[in-house]
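First the structure, in the form of structure tokens, and then the observations on it.
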Amino acid sequence: MLKRKSLMRSAAIAGIALVAGLAVGDGAMAANEKLKIGVLGVMSGPAASWGLVNRYCAEARANMINEAGGFEIGGKKYDIEIVSIDDRNDPKLAVSGAERLVYEDGIRYIIGPNIDTTAAAIVPVIEKGGAMNIPYAFSKDLYSPPRSHSILGMIASYQAGPVIYKYLQEKEGVKSVAFVARNESDSLNQREEGVAAAEALGLDVLASKDTYEAGTTDFFPVMSRLVGLKPDLIVLSGVAPSDAPLMLKTARELGFQGLMSTETAQDAKILSEVAGDAANGFISVGGASTPEIRSEFMETFSKRYEEVAGEWNDEAGTKVYALEILLNTIKTAGPEAIEDVSKFKAQMDAFKMTNPFLKDGRDLHFVGAGFFDQKRQISVPMVVNVFKDGEFETLFVGSVD
Amino acid sequence: MPNQRSLIAVGVALVIYLIVLPALLADKPYFLGVLTTASVLSVIAAGVWLTFFIGRINIGQGAFALVGGYAAAILMTKLGFSFWIAMPLAGLTAALVSIVIGIPILRLRGVYFAMISLSLTETARLSAQSFRSVTEGAKGIVNIPLPGAVEIFGFTLIPDFSTVDKHLAFYFLAAILLIATFAAMYRLVNSRIGWLFKSLQQNEELASSVGVDIARLRVIAYAISSFLGGIGGAFFVAAQQSVYPASFQIQDSIYFMLYTFLGGLGYVFGPIVGTFVLFLSFEFLHGLNEYQPLIYSIIMIALMLWLPNGLLSIRLPGWGLGTKANPERARGA
Amino acid sequence: MEQVIINGIYSGMQYALIALGLTLIFALMGVLNFAHGQMYVLGGFVTYYVYGVMGLPFVVGLAATAATLALVGVFFEFVIFRRVLKLSVREESTMLVAAGGALFLESLVLIIFGEKHRGVPSVISGVWKVGDAYMPYGRLLVVAMSALLIGGFILFMQYTRQGRALRALAQDREAAQIQGVNVDNYSMLGFAIGATLAGLAGGLLVSISGVNSGLGTWISIKAFIMVMIGGAGVVPGAIIGGFILGMLESVGYTVLPGGETYLVIFVALIAFLAIRPQGLMGKPWG
Amino acid sequence: MPIMEIQNLTKRFGGLTAVNDVSFSVEEEEILSIIGPNGAGKSTLFKLISSFLRPSEGRVEFKGERISGLAPHIVARRGVIRTFQETTIFRDMTARENVVVAHHLRTEASLVGHFANSPLARRDESSFHESAAEILEYLGLGHVQNEYARNLPHGYLRALGIALGLAAEPEVLLLDEPFTGMNQDETNKAVEMVRGVRDRGITILLVEHDMSAVMKISDRIVVLNFGEKIAEGTPTEIQNDDRVIEAYLGREDEEIGI
């Protein structure tokens, strides 16, 4: 909402700020105009960490930007304000939350939500309200035409799975695989894609149906059957960070000798606390946080993250990119894109920036044409990690395209 | 029997609800959306209220909303039905399912019924996931069309929702559902059926001793309740244009119960008050972030401590004294 | 096969412990404690902090958990339930307030302990292998401690003055009052014990399965299933219900891996309750 | 021809036989009482006759047709209505509302008709209100008809219970301990009331513990002990029956002694 009065005022303030900034260095807090970005996701209940990590990432990065004097778009600096709403994984609350962000706060760019159900429910709001969002849900329907307002924020399991399986097939001689999923839509869909990928690679799929219920505290019944099949690899499809360590520990206690992997991000602290040594050798997809690949900028970021959240969470390594790419794409598209997402969309095919979170200086851009027939995914690097004595080590870094 | 004053009050409320609010909020889709959602949630909660009215603690309404949602989605996407036919059929499907389930479980009372009803929501979710050939399983049913036009002899009775202001259209649909539901509920409760339901709530043995077919009546009440759940489910599926196994969850079922309680179990319009107060306060407390559920729960407990018989009991002075003459509480076991 | 049976016993023992506190509170007050699962979670977090973070012995962690939850139980009974039970016309009101209490504890735990899953290192490590069956020592310890707790609880109820008074209260509130039992105090004691049992279950299990703030509702639902199987308000019923659910899960996941296990459990439960509404050991009514 | 016949009725709970092979018949427009010491199986027999329990063996016939094993509301529809002890009423309704609801069996309109407030339903309602007023007046409850049942004193509740029974237009009214806990004065009034009900042409079968009232009111008496019928006859016959004196009166002395 750029009103003329506030425009003039902010221009004046910007002028003063410029002078002051020159005088005092970067310590000055300029009263920039605000650019609001929404975070909509589950921030309470069993899956609270998914949405909270999104929110903390956005807030941490926004704090950095604002303290550095704001984010420049079209020669003007904006302070980034994060407006976050907890949808509790309830589609009704997701819809009202999205309507609030879009219509009341005038927000055009939303990070989230976290599951297929809520992501699909707000599609009508996003499209009608002329907004873009970055869901962390994997359903291809969200990103494929005729849909065009949603951008997948991370690596989908159906992208990481084949890469990991292939690696393990070639490097570790894996021949047989067993899948287990949480008995919820998102996990089941991820497992289905994973099974298809494994079969395409010629792996022997020993178990393709096993599930467990949310809230399971005892994985012996579930894992006994899987371990009994003696697969070379057990894939935990779309398991929540809280469940993975229990499953690892249980499998080892049941005498499982083979490999275990997952396609989603996990947290090293939880793994070492709950599973301890049993988690060694566990392969998961991480973000930019392992020491081998992270840049200095990433280290600064994770310190800021700790200030906001109290504690680092490795899930955050996969979620740092959303705000960064949103802002930089808007910047490239010009100030009009702040209000008009069609300008943003027009820019998506060509947009490219250096990924500031990684040492190797690879590009951050939009990908996914091979999966969705259009570029509707952030080129999050596919960092495949292996857990070793309380830390993640990077096995290799792949990419979607 | 309604007296003149309450008729005027209802009239004023209707004018505000149907004319003033939509006029004021026409360009505020968010507020319109919140009111729309609250309206339909009240309709679903009205069903819960009715099961309370026959003396059953119902924490399973989400299951029937899910059944209704899926019924509507399947009818619209796979069989090509119009929304306007699919919605009542969704209600009927939910009612039918509730009859099959209700015949055995309505024999349970007290916390036993409460506990089994709580597991119904999970049962519904797991069924939606398991019977893939009909429900698409975990993938959900997406890209459901918006409600289309209804025309009679070339005269457009209801416009196609995609051609008009969708938010207003859904608001009016929700408003009509709410008004129709509560008018029917009011009539039901004040008719002989209401008295029979009330007799069930107070003593089933006694009711059957004077010839009331208690088994049939409680199934009827449950079917009406589930019908409303199914209608509500169909509405949300149409508004969100998608349905997933997790579209209605245990949390929803618990909230429907809370809405009903909060308004007051002794009042037909309790569900409206309870739902609007809880849902709106929930929306407006959202700026508190993680403290929101905490504050929300404190408010809820406080309300129960000071107004244990619901918000609507405020208007009855001296009510607290009357309740003390009621030392016995029928216990479940 | 041995493994399946052992798994059932493992889970059954844990579940029995979980159901115990719920059924006790129900028997005493006629209150279905919706916050049971959240109390379990709180217990898990207290043990996590004392044992896992502060590094004190596991037993100290459990003691701290018991003390904390006893306080929470007293708070719930004294501040909330007593008043609502006195004022309300309908028994359902206690359920609403219990649900409010559940939401309160859950959000409090989320704020204090965060959104992450927490766990502690195994109290003892190593696995005992008998034939084809694997039995980790950590689990055996938990099973043994659960059995001790359950046994201790039964002895307490059977042979102490307080236990007898509690049983009298559960049998018939008014009669107990006539016999000179201080109903208010014993309700509070009963609630404290119920909450403590929930917390200790969480504290014990944190050593094998960890805990997170969102676990509560699922724990409560499982506890409800067990209580429905065994019969509400009956202590042996809760224990049997726990073991039955444990076995059902264990066998179910083996023969029905496709996610239908709980669907079958729920449907079977409805069918079972249609035939035997009061559960296996509950008193018939109506 | 007897209006009701109880044939070889037996009820076992697990290993316990609560009612054992009891047979007797009830004549039209008589007052028949079932008595017996505590634990004799009176209330089980009462529930069996009103079909709130299903017999293990034997049957209950009403006008030559079997009614045992049918659902209570169907038995009620046939014309056999039971009352409960005083606490069993619709507590949160007024006395009048209680009785109006109890007119259920006389409804002619369907449920849908009632919902739509059809002429038939309106006629039902007005006739129920009239009849309820009449019944309440007849039983001496006219002045408390708008009180909530939960606030009524005990004596009135007993009468209200009978009013509920009458509203259902029974041919046989089964009364569950109608005189228990009353003083002499109240009992006398209640006895008059029950007689009056019989004079409306209703057969009365009652279960009672209070001997003196039973002796006063009954045409015939059936005595139970340990689930078995030990005597049947007029009050005078029963008073002089050795087995009854031995089994019942002896026991009652003991009980009084406790």
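Brief remarks on what is shown
When the chains are written out, they are named A, B, C and D in that same order, and each has its own residue count from 1.
The rule is short, and it goes like this: a residue touches a chain if its C-beta (ideal position, glycine included) is under 8 Å from a C-beta of that chain, and two chains touch if they have at least 3 such contacts.
Since the structure is predicted, the reported quantities are computational estimates derived from the model, not experimental observations.
Counting steps between touching chains, the shortest path from chain C to chain D takes 2.
With centres computed as the average of Cα coordinates, no chain lies farther from chain D than A. Contact count check for B-C and B-D (C-beta pairs in contact): higher for B-C.
Here the chain at the heart of the structure, going by C-alpha means, is B. With centres defined as mean CA coordinates, chain C is found 32 Å away from chain B. Rounded to a whole number, the gap between the C-alpha centres of chain B and chain D is 41 angstrom.
Taking each chain's centre as the mean of its C-alpha atoms, chain A lies 72 Å from chain D.
Chain B has its Cα centroid 36 Å from the Cα centroid of chain A.
Touching of two or more other chains is recorded for residues 106-107, 110, 217, 221, 258-259, 262 of chain C.
For chain A, residues touching at least two other chains, in rising order: 43-45, 183, 188. Counting only pairs that meet the touch rule, the chains in contact are A-B, A-C, B-C, B-D.
For chain B in complex with chain D, the residues that touch the partner chain are 187-188, 191-193, 195-196, 198-199, 202-203, 205-215, 220, 325-326, 328. Residues of chain C touching chain B in their complex: 26-27, 30, 32, 80, 83-85, 87-93, 95-97, 99-101, 103-104, 106-108, 110-111, 217, 221, 224-225, 227-228, 232-233, 258-260, 262-263, 266-267, 269-271, 273-274, 277-279, 282-283, 285-286. Contact residues of chain C toward chain A in the complex are 3-4, 6-8, 10-11, 14, 52, 106-107, 110, 114-122, 127, 129, 134, 136, 139, 205, 208-210, 212-215, 217-219, 221-222, 249-250, 252-254, 257-259, 261-262. On chain A, the positions that touch chain B within their shared complex are 43-45, 84-86, 88-92, 95-97, 99-100, 102-104, 115-117, 120-124, 128-129, 139, 141, 183-189, 192.
Of all residues in chain D, only 50, 52, 71-73, 76-77, 81-84, 87-93, 97, 100-102, 104-105, 107, 109, 111, 114-115, 117, 121, 124-125, 150-151, 164-165, 167-168 touch chain B in the complex they form.
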